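Naming follows writing order (A, B, C and D), and every chain is counted from residue 1.
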Amino acid sequence: MTAPQDPQQPAPTLVELTGRLAGFAAARRWQPFHTPKNLAAALSVEAGELLEIFQWLTPEQAAVVMDDPKSAHRVRDEVADVLAYLLQFCTAVGVDPLAALDAKIDRNELRFPAAPDE
Amino acid sequence: MTAPQDPQQPAPTLVELTGRLAGFAAARRWQPFHTPKNLAAALSVEAGELLEIFQWLTPEQAAVVMDDPKSAHRVRDEVADVLAYLLQFCTAVGVDPLAALDAKIDRNELRFPAAPDE
Amino acid sequence: MTAPQDPQQPAPTLVELTGRLAGFAAARRWQPFHTPKNLAAALSVEAGELLEIFQWLTPEQAAVVMDDPKSAHRVRDEVADVLAYLLQFCTAVGVDPLAALDAKIDRNELRFPAAPDE
Amino acid sequence: MTAPQDPQQPAPTLVELTGRLAGFAAARRWQPFHTPKNLAAALSVEAGELLEIFQWLTPEQAAVVMDDPKSAHRVRDEVADVLAYLLQFCTAVGVDPLAALDAKIDRNELRFPAAPDE
(Lines give C-alpha, C1' and ligand atoms only; values in the text may rest on other atoms or scores of the structure.)
Protein backbone atom coordinates (compact mmCIF):
# COMPACT_ATOMS: atom_id res chain seq x y z
CA MET A 1 0.00 0.00 0.00
CA THR A 2 2.94 2.29 0.66
CA ALA A 3 4.97 3.40 -2.29
CA PRO A 4 7.61 0.75 -2.97
CA GLN A 5 10.96 1.83 -1.57
CA ASP A 6 13.43 2.12 -4.39
CA PRO A 7 16.43 0.08 -3.19
CA GLN A 8 18.70 2.49 -5.05
CA GLN A 9 17.25 5.47 -3.22
CA PRO A 10 17.69 5.44 0.55
CA ALA A 11 15.17 7.11 2.88
CA PRO A 12 15.90 10.80 3.41
CA THR A 13 17.47 12.04 6.63
CA LEU A 14 15.52 13.63 9.48
CA VAL A 15 16.82 17.03 8.45
CA GLU A 16 15.70 16.51 4.86
CA LEU A 17 12.24 15.42 5.99
CA THR A 18 11.99 18.45 8.27
CA GLY A 19 12.66 20.66 5.28
CA ARG A 20 10.19 18.74 3.15
CA LEU A 21 7.48 19.20 5.79
CA ALA A 22 8.17 22.92 6.00
CA GLY A 23 7.85 23.25 2.23
CA PHE A 24 4.64 21.20 2.28
CA ALA A 25 3.03 23.45 4.92
CA ALA A 26 4.21 26.64 3.21
CA ALA A 27 2.77 25.57 -0.14
CA ARG A 28 -0.63 25.10 1.54
CA ARG A 29 -0.33 28.23 3.71
CA TRP A 30 -0.75 26.13 6.85
CA GLN A 31 1.97 27.90 8.86
CA PRO A 32 -0.49 30.10 10.85
CA PHE A 33 -1.98 26.92 12.32
CA HIS A 34 1.44 25.49 13.21
CA THR A 35 1.83 27.13 16.60
CA PRO A 36 3.70 25.22 19.31
CA LYS A 37 0.50 24.64 21.27
CA ASN A 38 -1.48 23.37 18.27
CA LEU A 39 1.37 21.09 17.17
CA ALA A 40 1.79 19.67 20.69
CA ALA A 41 -1.96 18.93 20.69
CA ALA A 42 -1.80 17.35 17.22
CA LEU A 43 1.19 15.21 18.26
CA SER A 44 -0.74 13.94 21.27
CA VAL A 45 -3.81 13.21 19.12
CA GLU A 46 -1.74 11.20 16.62
CA ALA A 47 0.02 9.27 19.39
CA GLY A 48 -3.50 8.35 20.57
CA GLU A 49 -4.36 7.11 17.08
CA LEU A 50 -1.29 4.87 17.11
CA LEU A 51 -2.28 3.52 20.53
CA GLU A 52 -5.83 2.91 19.28
CA ILE A 53 -4.49 0.14 17.01
CA PHE A 54 -3.31 -1.74 20.10
CA GLN A 55 -5.92 -0.89 22.71
CA TRP A 56 -7.91 -4.15 22.68
CA LEU A 57 -5.06 -6.48 21.67
CA THR A 58 -3.48 -9.04 23.96
CA PRO A 59 0.33 -8.86 24.19
CA GLU A 60 0.42 -11.87 21.86
CA GLN A 61 -1.81 -10.22 19.25
CA ALA A 62 0.13 -6.96 19.49
CA ALA A 63 3.39 -8.80 18.83
CA VAL A 64 2.18 -9.91 15.37
CA VAL A 65 0.38 -6.72 14.35
CA MET A 66 2.69 -6.24 11.37
CA ASP A 67 1.78 -9.65 9.89
CA ASP A 68 -1.53 -8.20 8.66
CA PRO A 69 -0.85 -5.85 5.70
CA LYS A 70 -3.77 -3.56 6.60
CA SER A 71 -2.67 -3.18 10.23
CA ALA A 72 0.94 -2.78 9.12
CA HIS A 73 -0.03 0.06 6.80
CA ARG A 74 -2.01 1.73 9.57
CA VAL A 75 0.96 1.46 11.95
CA ARG A 76 3.36 3.01 9.41
CA ASP A 77 0.80 5.73 8.68
CA GLU A 78 0.44 6.69 12.35
CA VAL A 79 4.21 6.53 12.94
CA ALA A 80 4.58 8.97 10.06
CA ASP A 81 1.97 11.32 11.54
CA VAL A 82 3.59 11.29 14.98
CA LEU A 83 7.02 11.97 13.49
CA ALA A 84 5.65 14.70 11.21
CA TYR A 85 4.08 16.63 14.09
CA LEU A 86 7.11 16.09 16.29
CA LEU A 87 9.40 17.54 13.61
CA GLN A 88 7.06 20.45 12.92
CA PHE A 89 6.80 21.14 16.65
CA CYS A 90 10.61 21.16 16.86
CA THR A 91 10.77 23.61 13.95
CA ALA A 92 8.21 25.88 15.67
CA VAL A 93 10.15 26.01 18.96
CA GLY A 94 13.67 25.78 17.52
CA VAL A 95 14.68 22.48 19.09
CA ASP A 96 17.03 19.96 17.47
CA PRO A 97 15.34 16.63 18.28
CA LEU A 98 18.49 14.58 17.69
CA ALA A 99 20.58 16.73 20.03
CA ALA A 100 17.75 16.70 22.61
CA LEU A 101 17.57 12.90 22.60
CA ASP A 102 21.35 12.52 22.67
CA ALA A 103 21.55 14.78 25.74
CA LYS A 104 18.67 12.93 27.40
CA ILE A 105 20.34 9.54 26.97
CA ASP A 106 23.46 11.07 28.54
CA ARG A 107 21.39 12.11 31.57
CA ASN A 108 19.58 8.75 31.77
CA GLU A 109 22.87 6.85 31.77
CA LEU A 110 23.72 8.62 35.02
CA ARG A 111 20.21 8.27 36.42
CA PHE A 112 19.66 4.57 35.71
CA PRO A 113 22.83 2.52 36.27
CA ALA A 114 23.14 -0.50 34.01
CA ALA A 115 22.32 -3.92 35.46
CA PRO A 116 25.42 -5.80 36.62
CA ASP A 117 26.57 -8.77 34.57
CA GLU A 118 25.48 -12.08 36.05
CA MET B 1 20.90 22.47 31.90
CA THR B 2 21.48 20.18 28.96
CA ALA B 3 25.01 19.04 28.33
CA PRO B 4 26.71 21.69 26.22
CA GLN B 5 26.81 20.60 22.59
CA ASP B 6 30.39 20.28 21.46
CA PRO B 7 30.50 22.33 18.26
CA GLN B 8 33.11 19.92 16.89
CA GLN B 9 30.80 16.99 17.49
CA PRO B 10 27.53 17.09 15.55
CA ALA B 11 24.37 15.45 16.88
CA PRO B 12 24.17 11.75 16.01
CA THR B 13 21.82 10.51 13.27
CA LEU B 14 18.44 8.93 13.92
CA VAL B 15 19.89 5.51 13.14
CA GLU B 16 22.74 6.04 15.60
CA LEU B 17 20.32 7.13 18.34
CA THR B 18 18.10 4.11 17.65
CA GLY B 19 21.13 1.89 18.22
CA ARG B 20 22.10 3.79 21.35
CA LEU B 21 18.58 3.36 22.78
CA ALA B 22 18.67 -0.38 22.06
CA GLY B 23 21.99 -0.70 23.87
CA PHE B 24 20.68 1.35 26.78
CA ALA B 25 17.60 -0.89 27.19
CA ALA B 26 19.63 -4.10 26.81
CA ALA B 27 22.16 -3.01 29.48
CA ARG B 28 19.24 -2.52 31.91
CA ARG B 29 17.36 -5.66 30.78
CA TRP B 30 14.31 -3.59 29.91
CA GLN B 31 13.56 -5.33 26.62
CA PRO B 32 10.76 -7.53 28.08
CA PHE B 33 8.82 -4.33 28.84
CA HIS B 34 9.37 -2.92 25.37
CA THR B 35 6.41 -4.58 23.65
CA PRO B 36 4.68 -2.66 20.84
CA LYS B 37 1.61 -2.07 22.99
CA ASN B 38 3.56 -0.80 26.00
CA LEU B 39 5.71 1.48 23.84
CA ALA B 40 2.67 2.90 22.05
CA ALA B 41 1.15 3.65 25.47
CA ALA B 42 4.40 5.23 26.71
CA LEU B 43 4.65 7.36 23.55
CA SER B 44 1.12 8.64 24.12
CA VAL B 45 1.87 9.37 27.79
CA GLU B 46 4.98 11.37 26.89
CA ALA B 47 3.15 13.30 24.17
CA GLY B 48 0.68 14.23 26.92
CA GLU B 49 3.53 15.47 29.09
CA LEU B 50 4.72 17.69 26.27
CA LEU B 51 1.20 19.05 25.81
CA GLU B 52 0.93 19.66 29.56
CA ILE B 53 3.54 22.44 29.24
CA PHE B 54 1.18 24.32 26.92
CA GLN B 55 -2.27 23.47 28.27
CA TRP B 56 -3.02 26.74 30.11
CA LEU B 57 -0.95 29.06 27.90
CA THR B 58 -2.43 31.61 25.54
CA PRO B 59 -1.11 31.42 21.96
CA GLU B 60 1.06 34.45 22.81
CA GLN B 61 2.57 32.80 25.90
CA ALA B 62 3.11 29.53 24.01
CA ALA B 63 5.03 31.37 21.30
CA VAL B 64 7.72 32.47 23.78
CA VAL B 65 7.92 29.28 25.84
CA MET B 66 11.59 28.79 24.92
CA ASP B 67 12.58 32.19 26.36
CA ASP B 68 12.39 30.75 29.86
CA PRO B 69 15.37 28.40 30.44
CA LYS B 70 13.38 26.11 32.75
CA SER B 71 10.49 25.74 30.29
CA ALA B 72 12.95 25.33 27.42
CA HIS B 73 14.70 22.50 29.24
CA ARG B 74 11.36 20.83 29.95
CA VAL B 75 10.35 21.10 26.27
CA ARG B 76 13.64 19.55 25.10
CA ASP B 77 13.28 16.83 27.72
CA GLU B 78 9.77 15.86 26.59
CA VAL B 79 10.74 16.04 22.90
CA ALA B 80 13.52 13.59 23.72
CA ASP B 81 11.13 11.24 25.52
CA VAL B 82 8.61 11.28 22.66
CA LEU B 83 11.34 10.60 20.10
CA ALA B 84 12.87 7.87 22.28
CA TYR B 85 9.62 5.93 22.56
CA LEU B 86 8.81 6.48 18.90
CA LEU B 87 12.19 5.02 17.88
CA GLN B 88 11.88 2.13 20.31
CA PHE B 89 8.36 1.44 19.05
CA CYS B 90 9.69 1.40 15.48
CA THR B 91 12.40 -1.05 16.50
CA ALA B 92 9.81 -3.31 18.16
CA VAL B 93 7.56 -3.46 15.08
CA GLY B 94 10.29 -3.24 12.42
CA VAL B 95 9.26 0.08 10.88
CA ASP B 96 11.69 2.58 9.35
CA PRO B 97 10.27 5.93 10.57
CA LEU B 98 12.08 7.98 7.92
CA ALA B 99 10.77 5.83 5.07
CA ALA B 100 7.27 5.85 6.63
CA LEU B 101 7.22 9.65 6.79
CA ASP B 102 8.67 10.03 3.30
CA ALA B 103 5.92 7.77 1.90
CA LYS B 104 3.26 9.63 3.88
CA ILE B 105 4.31 13.03 2.51
CA ASP B 106 4.13 11.50 -0.99
CA ARG B 107 0.52 10.45 -0.29
CA ASN B 108 -0.38 13.81 1.28
CA GLU B 109 0.94 15.71 -1.73
CA LEU B 110 -1.70 13.93 -3.83
CA ARG B 111 -4.40 14.30 -1.15
CA PHE B 112 -3.94 18.00 -0.37
CA PRO B 113 -3.19 20.04 -3.50
CA ALA B 114 -1.00 23.08 -2.88
CA ALA B 115 -2.64 26.48 -2.69
CA PRO B 116 -2.46 28.39 -6.00
CA ASP B 117 -0.11 31.36 -6.23
CA GLU B 118 -1.87 34.66 -5.79
CA MET C 1 -28.79 14.42 15.40
CA THR C 2 -28.96 13.09 18.95
CA ALA C 3 -32.18 11.50 20.09
CA PRO C 4 -34.44 14.30 21.33
CA GLN C 5 -34.42 14.43 25.10
CA ASP C 6 -37.91 13.76 26.39
CA PRO C 7 -38.53 16.63 28.83
CA GLN C 8 -40.66 14.26 30.93
CA GLN C 9 -37.79 11.82 31.23
CA PRO C 10 -34.68 13.19 32.93
CA ALA C 11 -31.22 11.89 32.09
CA PRO C 12 -30.24 8.80 34.08
CA THR C 13 -27.80 9.05 36.98
CA LEU C 14 -24.13 8.11 36.78
CA VAL C 15 -24.85 4.90 38.68
CA GLU C 16 -27.66 3.98 36.28
CA LEU C 17 -25.41 4.60 33.27
CA THR C 18 -22.64 2.52 34.82
CA GLY C 19 -25.10 -0.36 35.11
CA ARG C 20 -26.33 0.16 31.57
CA LEU C 21 -22.75 0.05 30.24
CA ALA C 22 -22.06 -3.18 32.15
CA GLY C 23 -25.19 -4.77 30.66
CA PHE C 24 -24.22 -3.55 27.20
CA ALA C 25 -20.73 -5.09 27.44
CA ALA C 26 -22.05 -8.36 28.91
CA ALA C 27 -24.63 -8.78 26.14
CA ARG C 28 -21.81 -8.51 23.58
CA ARG C 29 -19.33 -10.63 25.61
CA TRP C 30 -16.86 -7.75 25.63
CA GLN C 31 -15.86 -8.14 29.29
CA PRO C 32 -12.61 -10.05 28.54
CA PHE C 33 -11.36 -6.95 26.70
CA HIS C 34 -12.32 -4.61 29.53
CA THR C 35 -9.17 -4.94 31.58
CA PRO C 36 -7.97 -1.88 33.55
CA LYS C 37 -5.01 -1.40 31.22
CA ASN C 38 -7.09 -1.63 28.02
CA LEU C 39 -9.75 0.71 29.39
CA ALA C 40 -7.14 3.26 30.51
CA ALA C 41 -5.70 3.15 26.98
CA ALA C 42 -9.16 3.51 25.40
CA LEU C 43 -9.97 6.45 27.69
CA SER C 44 -6.78 8.19 26.61
CA VAL C 45 -7.53 7.51 22.93
CA GLU C 46 -11.03 8.97 23.24
CA ALA C 47 -9.75 12.04 25.11
CA GLY C 48 -7.43 12.52 22.13
CA GLU C 49 -10.40 12.34 19.75
CA LEU C 50 -12.15 15.07 21.74
CA LEU C 51 -9.01 17.21 21.61
CA GLU C 52 -8.75 16.60 17.85
CA ILE C 53 -11.89 18.71 17.35
CA PHE C 54 -10.08 21.71 18.84
CA GLN C 55 -6.48 21.20 17.71
CA TRP C 56 -6.38 23.78 14.90
CA LEU C 57 -8.98 26.20 16.30
CA THR C 58 -8.14 29.64 17.65
CA PRO C 59 -9.52 30.34 21.14
CA GLU C 60 -12.26 32.40 19.44
CA GLN C 61 -13.26 29.56 17.11
CA ALA C 62 -13.17 27.04 19.95
CA ALA C 63 -15.54 29.21 21.99
CA VAL C 64 -18.31 28.85 19.40
CA VAL C 65 -17.76 25.20 18.49
CA MET C 66 -21.27 24.26 19.65
CA ASP C 67 -22.91 26.73 17.24
CA ASP C 68 -22.28 24.30 14.37
CA PRO C 69 -24.67 21.32 14.70
CA LYS C 70 -22.16 18.86 13.20
CA SER C 71 -19.35 19.94 15.55
CA ALA C 72 -21.77 19.98 18.48
CA HIS C 73 -22.81 16.40 17.76
CA ARG C 74 -19.17 15.34 17.50
CA VAL C 75 -18.37 17.00 20.83
CA ARG C 76 -21.30 15.26 22.57
CA ASP C 77 -20.27 11.98 20.97
CA GLU C 78 -16.68 12.19 22.23
CA VAL C 79 -17.78 13.36 25.69
CA ALA C 80 -19.96 10.24 25.82
CA ASP C 81 -17.05 8.00 24.80
CA VAL C 82 -14.71 9.50 27.40
CA LEU C 83 -17.33 9.13 30.13
CA ALA C 84 -18.17 5.58 29.03
CA TYR C 85 -14.56 4.40 29.27
CA LEU C 86 -14.02 6.28 32.54
CA LEU C 87 -17.04 4.55 34.10
CA GLN C 88 -16.04 1.15 32.74
CA PHE C 89 -12.50 1.68 34.02
CA CYS C 90 -13.91 2.54 37.47
CA THR C 91 -16.01 -0.64 37.40
CA ALA C 92 -12.94 -2.71 36.47
CA VAL C 93 -10.84 -1.35 39.36
CA GLY C 94 -13.65 -0.86 41.89
CA VAL C 95 -13.38 2.93 42.23
CA ASP C 96 -16.36 5.22 42.92
CA PRO C 97 -15.63 8.19 40.63
CA LEU C 98 -17.95 10.55 42.52
CA ALA C 99 -16.31 9.79 45.87
CA ALA C 100 -12.85 10.04 44.27
CA LEU C 101 -13.58 13.49 42.87
CA ASP C 102 -15.22 14.68 46.08
CA ALA C 103 -12.13 13.65 48.06
CA LYS C 104 -9.84 15.28 45.48
CA ILE C 105 -11.65 18.63 45.70
CA ASP C 106 -11.28 18.41 49.50
CA ARG C 107 -7.51 17.98 49.04
CA ASN C 108 -7.29 20.74 46.44
CA GLU C 109 -9.09 23.21 48.71
CA LEU C 110 -6.21 22.81 51.15
CA ARG C 111 -3.56 22.85 48.42
CA PHE C 112 -4.75 25.91 46.51
CA PRO C 113 -6.05 28.66 48.81
CA ALA C 114 -8.83 30.77 47.32
CA ALA C 115 -7.93 34.23 45.98
CA PRO C 116 -8.62 37.01 48.49
CA ASP C 117 -11.57 39.32 47.84
CA GLU C 118 -10.52 42.59 46.32
CA MET D 1 -4.72 8.59 52.12
CA THR D 2 -8.09 9.80 50.85
CA ALA D 3 -10.42 11.40 53.34
CA PRO D 4 -12.39 8.64 55.02
CA GLN D 5 -15.86 8.37 53.49
CA ASP D 6 -18.45 9.07 56.15
CA PRO D 7 -20.90 6.15 55.79
CA GLN D 8 -23.69 8.51 56.86
CA GLN D 9 -22.84 10.90 54.07
CA PRO D 10 -23.16 9.48 50.56
CA ALA D 11 -21.00 10.75 47.71
CA PRO D 12 -22.45 13.83 46.01
CA THR D 13 -24.13 13.57 42.62
CA LEU D 14 -22.47 14.51 39.34
CA VAL D 15 -24.50 17.71 39.22
CA GLU D 16 -23.42 18.65 42.75
CA LEU D 17 -19.76 18.01 41.91
CA THR D 18 -20.07 20.08 38.73
CA GLY D 19 -21.32 22.97 40.87
CA ARG D 20 -18.57 22.44 43.43
CA LEU D 21 -15.92 22.55 40.68
CA ALA D 22 -17.39 25.78 39.28
CA GLY D 23 -17.28 27.38 42.74
CA PHE D 24 -13.72 26.15 43.24
CA ALA D 25 -12.53 27.70 39.96
CA ALA D 26 -14.42 30.95 40.57
CA ALA D 27 -12.91 31.38 44.05
CA ARG D 28 -9.43 31.11 42.48
CA ARG D 29 -10.30 33.21 39.42
CA TRP D 30 -9.31 30.35 37.13
CA GLN D 31 -12.28 30.73 34.74
CA PRO D 32 -10.27 32.63 32.08
CA PHE D 33 -8.08 29.54 31.68
CA HIS D 34 -11.05 27.20 31.42
CA THR D 35 -11.68 27.52 27.70
CA PRO D 36 -13.01 24.49 25.83
CA LYS D 37 -9.69 24.00 24.06
CA ASN D 38 -7.60 24.23 27.23
CA LEU D 39 -9.91 21.88 29.12
CA ALA D 40 -9.89 19.34 26.28
CA ALA D 41 -6.08 19.44 26.38
CA ALA D 42 -6.02 19.08 30.18
CA LEU D 43 -8.45 16.15 30.00
CA SER D 44 -6.18 14.41 27.51
CA VAL D 45 -3.11 15.08 29.67
CA GLU D 46 -4.79 13.62 32.75
CA ALA D 47 -6.00 10.56 30.84
CA GLY D 48 -2.34 10.08 29.90
CA GLU D 49 -1.36 10.26 33.57
CA LEU D 50 -3.89 7.53 34.39
CA LEU D 51 -2.50 5.38 31.56
CA GLU D 52 1.04 5.99 32.82
CA ILE D 53 0.26 3.89 35.91
CA PHE D 54 -0.39 0.88 33.65
CA GLN D 55 2.08 1.39 30.82
CA TRP D 56 4.70 -1.18 31.85
CA LEU D 57 2.39 -3.60 33.67
CA THR D 58 1.47 -7.05 32.39
CA PRO D 59 -2.28 -7.75 32.25
CA GLU D 60 -1.81 -9.80 35.43
CA GLN D 61 -0.08 -6.94 37.28
CA ALA D 62 -2.66 -4.44 36.06
CA ALA D 63 -5.47 -6.60 37.42
CA VAL D 64 -4.18 -6.24 41.00
CA VAL D 65 -3.13 -2.59 40.85
CA MET D 66 -5.61 -1.65 43.60
CA ASP D 67 -4.05 -4.11 46.07
CA ASP D 68 -1.19 -1.68 46.64
CA PRO D 69 -2.45 1.32 48.68
CA LYS D 70 -0.06 3.75 46.99
CA SER D 71 -1.07 2.68 43.47
CA ALA D 72 -4.73 2.63 44.52
CA HIS D 73 -4.48 6.22 45.74
CA ARG D 74 -2.79 7.27 42.51
CA VAL D 75 -5.54 5.61 40.44
CA ARG D 76 -8.30 7.35 42.42
CA ASP D 77 -6.42 10.64 42.13
CA GLU D 78 -6.13 10.42 38.33
CA VAL D 79 -9.74 9.24 37.97
CA ALA D 80 -10.74 12.36 39.90
CA ASP D 81 -8.64 14.60 37.65
CA VAL D 82 -10.09 13.10 34.47
CA LEU D 83 -13.64 13.48 35.77
CA ALA D 84 -12.97 17.03 36.97
CA TYR D 85 -11.73 18.20 33.58
CA LEU D 86 -14.51 16.33 31.77
CA LEU D 87 -17.15 18.07 33.91
CA GLN D 88 -15.50 21.47 33.54
CA PHE D 89 -15.26 20.93 29.78
CA CYS D 90 -18.98 20.08 29.71
CA THR D 91 -19.76 23.25 31.65
CA ALA D 92 -17.67 25.31 29.21
CA VAL D 93 -19.48 23.96 26.13
CA GLY D 94 -22.93 23.48 27.68
CA VAL D 95 -23.14 19.69 27.31
CA ASP D 96 -24.97 17.40 29.76
CA PRO D 97 -22.57 14.43 30.02
CA LEU D 98 -25.24 12.05 31.37
CA ALA D 99 -27.65 12.83 28.53
CA ALA D 100 -24.80 12.57 26.01
CA LEU D 101 -23.82 9.11 27.24
CA ASP D 102 -27.42 7.93 27.45
CA ALA D 103 -27.98 8.96 23.81
CA LYS D 104 -24.71 7.33 22.75
CA ILE D 105 -25.64 3.99 24.32
CA ASP D 106 -28.97 4.21 22.45
CA ARG D 107 -27.05 4.64 19.20
CA ASN D 108 -24.55 1.88 20.03
CA GLU D 109 -27.36 -0.59 20.75
CA LEU D 110 -28.45 -0.19 17.14
CA ARG D 111 -24.90 -0.23 15.83
CA PHE D 112 -23.59 -3.29 17.68
CA PRO D 113 -26.22 -6.04 17.92
CA ALA D 114 -25.96 -8.15 21.07
CA ALA D 115 -24.35 -11.59 20.80
CA PRO D 116 -26.94 -14.38 20.42
CA ASP D 117 -27.50 -16.68 23.39
CA GLU D 118 -25.67 -19.94 23.03
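Operating definition for what follows: a residue touches a chain if its C-beta (ideal position, glycine included) is under 8 Å from a C-beta of that chain, and two chains touch if they have at least 3 such contacts.
If you're wondering where the values come from, they're calculated on a predicted model, not measured in any experiment.
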{"item": "Of A-D and A-B, whichever chain pair has more C-beta contact pairs", "value": "A-B"}
{"item": "Self-contact between copies chain C and chain D, residue sets same or different by half", "value": "same"}
{"item": "Intercentroid distance (Cα basis), chain D paired with chain A, Å", "value": "29"}
{"item": "Between chain B and chain A, distance of the C-alpha-averaged centres to the nearest whole Å", "value": "6"}
{"item": "Residues of chain A touching at least two other chains", "value": "41, 44-45, 47-48, 51, 54, 59"}
{"item": "Touch list for chain A against partner chain C, complex", "value": "33, 38, 41-42, 44-45, 47-49, 51-52, 54-56"}
{"item": "Contacting residues of chain A [partner chain D, same complex]", "value": "41, 44-45, 48, 58-59"}
{"item": "Contact footprint of chain D on chain C as seen in their complex", "value": "2-3, 5, 11-14, 17, 20-21, 24, 27-29, 35-37, 40-41, 43-44, 46-48, 50-51, 53-54, 57, 59, 62-63, 65-66, 75-77, 79-84, 86-87, 89-90, 93-109, 112, 114-115"}
